[in-house]
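To keep things simple, chains are lettered A, B, C and D as they appear, and every chain counts its residues starting from 1.
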């Protein structure tokens, strides 16, 4: 299954084509809408005021409600665009946004309106594609769950068994410890009030993948496959598996996951390896964490350049922006993980 | 350029096939040997006592010293193998090694001797392939450098400009602050004396890549491409770009990289984005950090299982093992980065 | 540049996503419409009576008339569908059509209406994608031309220099010898009157590709690349290069293309190799011929089976069908060739 | 399963790396040697006098006789090389050989000795790889068989049911009608005596592939997949399926394959489609024919150019060459078909 996302924030539509979808899947459009709703900006002041009616239209690949195996094209119309907000950005790239790199890459033909093809809005079709992947995984009793593990340095409670993630998707702000969640929300609102933004992390588990999938080799190893999907999510700047960066501080005796027999099955007592050894799944949950950078679009003035004159200029960004994308990114990361898991399974 | 590594630790030979090597490159076998020497186990007690004469034989793709464009096959013969050391491991997987996952994946046909295809020894052909990539990059004035950024929680000095990495390759233990390096070495030796091992991190920069390479899309974005190469290196469990995981603790005002004009060129004052915005290079060094787990093979007894009987057993690993792989992994990570940079460049 | 075609004959829309389109191309929508018009069913009785208004809508990847480098999604709405004509075909596959194979592949979920995703209608987005490729080739002075080389055994005049193909695109029935063309048309009409159909061949040249592109190896050789694009065109059952099948009847002295120097350039006096030696372009036109089978949908009764009962049944196909697809396939083959040429060029 | 062939005719060794080989296959080295023996030059005067001891060495991916799933590297040492025969060809390309195209592609760094990487000798590792694929197919009761369908215009008897191909592999000159075979051999010897060469065709069937594999789409359709493997065989210039080029002379009533029920299974009475409809297998044998050009290396003088001076020169090729490669190519085509069938099966 391969996916190709197309569209721009202020174009007529955005969408995704999924190739190689197995035939006969009764596509659950309600579940897909549910995933998109998780990603939609909320009414709680934590997100952009832009309203997005992310209704998915199926252009192809579905017949009488079931997938046919032909390419599945899902399209979402765009609306509620304030393109004029962006005119000032045409030749004045926003620091740490894709504007400058995209300007060079496109040889000056960047659709600069609302982030164009670089917009976080493009994660909507990714979530839609992920909903298809989730359904395929569910047929194999594989599920994906996650929590916000940190925002602006405020950490959620440590994960003690992946089962806790199973029902977290219903929460608008999915954390294990709601008290920490309140602190995180306060940090987001404070940043918003300051015209600033904050970053954070998401810890995610894919539960139920059998042992023995993948290979140590380039192009076939599980961590490489997952990371390629995860880094394709805007704002992701770090991906780690299991104990991740903390392994840099450990000895083998702490880091190694001892084997034991449980219910007649070989399992490990801990999961510091994140379910992957030598590039191959070991039957434990594939557990990883991603770090998302603070939203680059902030209200405070910033230093930029004029790409026409080559002069340094001060930039003030107008328009409606998320002071933090982490909570909205939760279903996006899960979607990317579900697609990665399908590839690992050879779906 | 695609690479395929083959071989097992105790097989007759290991090697790599490189497809799509541009023709006409006068292959610098001395430079390649130099890179392999950096990776070879040292005489300082920090590494395994196994001696490896990593002499590279070119089987194909080279004519009169120059690449022809046909597949380049590089082979290194194996020697100094103590296969009998490993007999006990056949059905008793080492915790956190690829043994168990590999046993399942291979349906019981794993070459268990010395880690087989999962052995760190397989990084020798990767370094050889990377040497080819480095030569191709050098023709475009692009270079790769790195330092050990941490071992067992002992951090090197913070990187203040990538130029400092340029000459570090000549050091046997490449750190910016040699005092910290001594502490790190002490931590490794201490772990060794305890029959244990330690992990660490490497920070690496690819300097000279022009702006505008890559795309935000899956399969084409620069961070995804790099991470696929980096996670194919054994022991790597985390990959981050620029400020990486620290972005989770930052606000936009700290994280954003302000633009300025320097020598008539658009640059950023900081490089928290690690040279990539929106999946596209921005002309700054591509800067990333990888975390390597502690060597899973330790001398202390560990909990394992007997894969024939399904019983829990205690495991004591014999043989010669690295108490830390981080310092030997430096040229390996650089090789992976060089290959990734070639893909980003479309070589 | 990769293309993915989506859609079904009787779905809401058909289309194509092109990834990796170079930025800055001023997309010539008029030329694209012109190519689509060449493919549209004519008013001359040689084609289906179905009217298709193949107007292309650009959903993404274009800004102010120029490509941005982001995925280009082109969509054509469907209309004038007589879906009820097809109800009888749901479980009664048409001989030599994709119905049966598609039924099995889709596990019974085939969109059987009008050929579904297997419909010749899906060649419209292919022609649209090809128009983009043609523009990119034109920038490098490379052009694609072709003629109908045979229909139902009636051969066109032999090609004497590719220049003759340059202006043939303007002809509604592109043959070198119009007298032969009249005979071909008569054969098509005769088959139509008999409730039957006929097959034929198209000879096509890609002119201007430089020498030295490709490789002998799997996945990189020019003939393999072209054939993968050509066999993706419905009804194509044979692909040959240069003298093609006739090489089976030749000696080396006849088949070999002698070298000569012309205008200071190395060329060959003949082009029996079709511009490719050892999988690599030699600077001569890439010349190939494809054979298209007779349209499988014929009015005469045929032997089929009922996929529910497993009984043999007689099938009479209703609806409007082309008695021959060869003349309409000319721009489709050229589109596939243009896309293949782009891949060979590394675009 | 992906294969990469490396090596040059007069290098130290040739070989192949197979990635993604399923684990647990007890590699039948005797069967592999048998396939290589079919390809070896004979003692009957029909082939080159060069002796090739094609002994396969397994460098990796095999443990205790079984595949492990790690890359399988097979190597054949070179010997009996008369490199000096080729010195005259360095700057004087042989017409219709890969010399000129390869010279340009390699920027003048072509290994010109004995055809280098373009040599027919490189089909030995392809046959070895094919032997692995054949074993995997045999486990699923799928087999590959073929006959020489024509040489220099002398046609073999028409194939009447694929069963006849099952035992042909044992024949040194595999034709259905031995009388025709004698005529073909005479034509080859006559060409040899004249210092010339001849071309021909091979018809091949893959029997046992289930219905429903593949898709109509680019990159996934069965004819496209097969043709990519087949055109990677040197000298192949045409590939057709089923009735192939003859479909250009047919009406739908002749070309269509009527369905019937046989032993409770849906089959077709004829197989003009070659087992593929709409890019998907229909359960009938995948039947195709390839045309191989006459050997370009002939003893008669030919017109060439001097690539240094740009002058036209007469070329006389020294050395030992095959007056016809068709009979030796039979196991090579079958190997390519077996590898293609594995890809179609998702192995």
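Following the convention adopted for this analysis, a contact is a pair of C-beta atoms (placed from the backbone, for glycine too) under 8 Å apart; a residue touches a chain by one contact, two chains touch by 3 or more.
Values in this document were obtained by computation on a predicted structure and should not be read as measured data.
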*How many links in the shortest chain of touching chains run from subunit B to subunit C?*
1
_Between C-D and A-D, which chain pair shares more contacting C-beta pairs?_
C-D
*Distance from the CA centroid of subunit C to that of subunit D, rounded to the nearest Å?*
27
*How many Å are there between the centre of subunit B and the centre of subunit D, using C-alpha atoms for each centre?*
39
_How many angstrom lie between the centres of subunit A and subunit D, each centre taken as the mean Cα position?_
47
*In subunit D, which residues are in touch with two or more of the other chains?*
4-5, 19, 69-71, 105, 117, 215-217
*Which positions of subunit C touch subunit B when the two form their complex?*
19-20, 69-71, 215-217, 220, 346
*Taking the complex as given, what residues does subunit C use to touch subunit D?*
3-5, 93, 95-102, 104-105, 117-118, 122, 150-153, 191, 194, 196-201, 211-219, 221, 223-225, 227-229, 231-232, 234, 236-245, 247-261, 264, 266, 268-269, 272-274, 276-283, 291-298, 300, 302-305, 307, 310-312
*In the complex formed with subunit A, which residues of subunit C make contact?*
4-8, 11-15, 17, 19, 23-24, 57, 59-61, 63-64, 66-73, 75, 105-111, 116-117
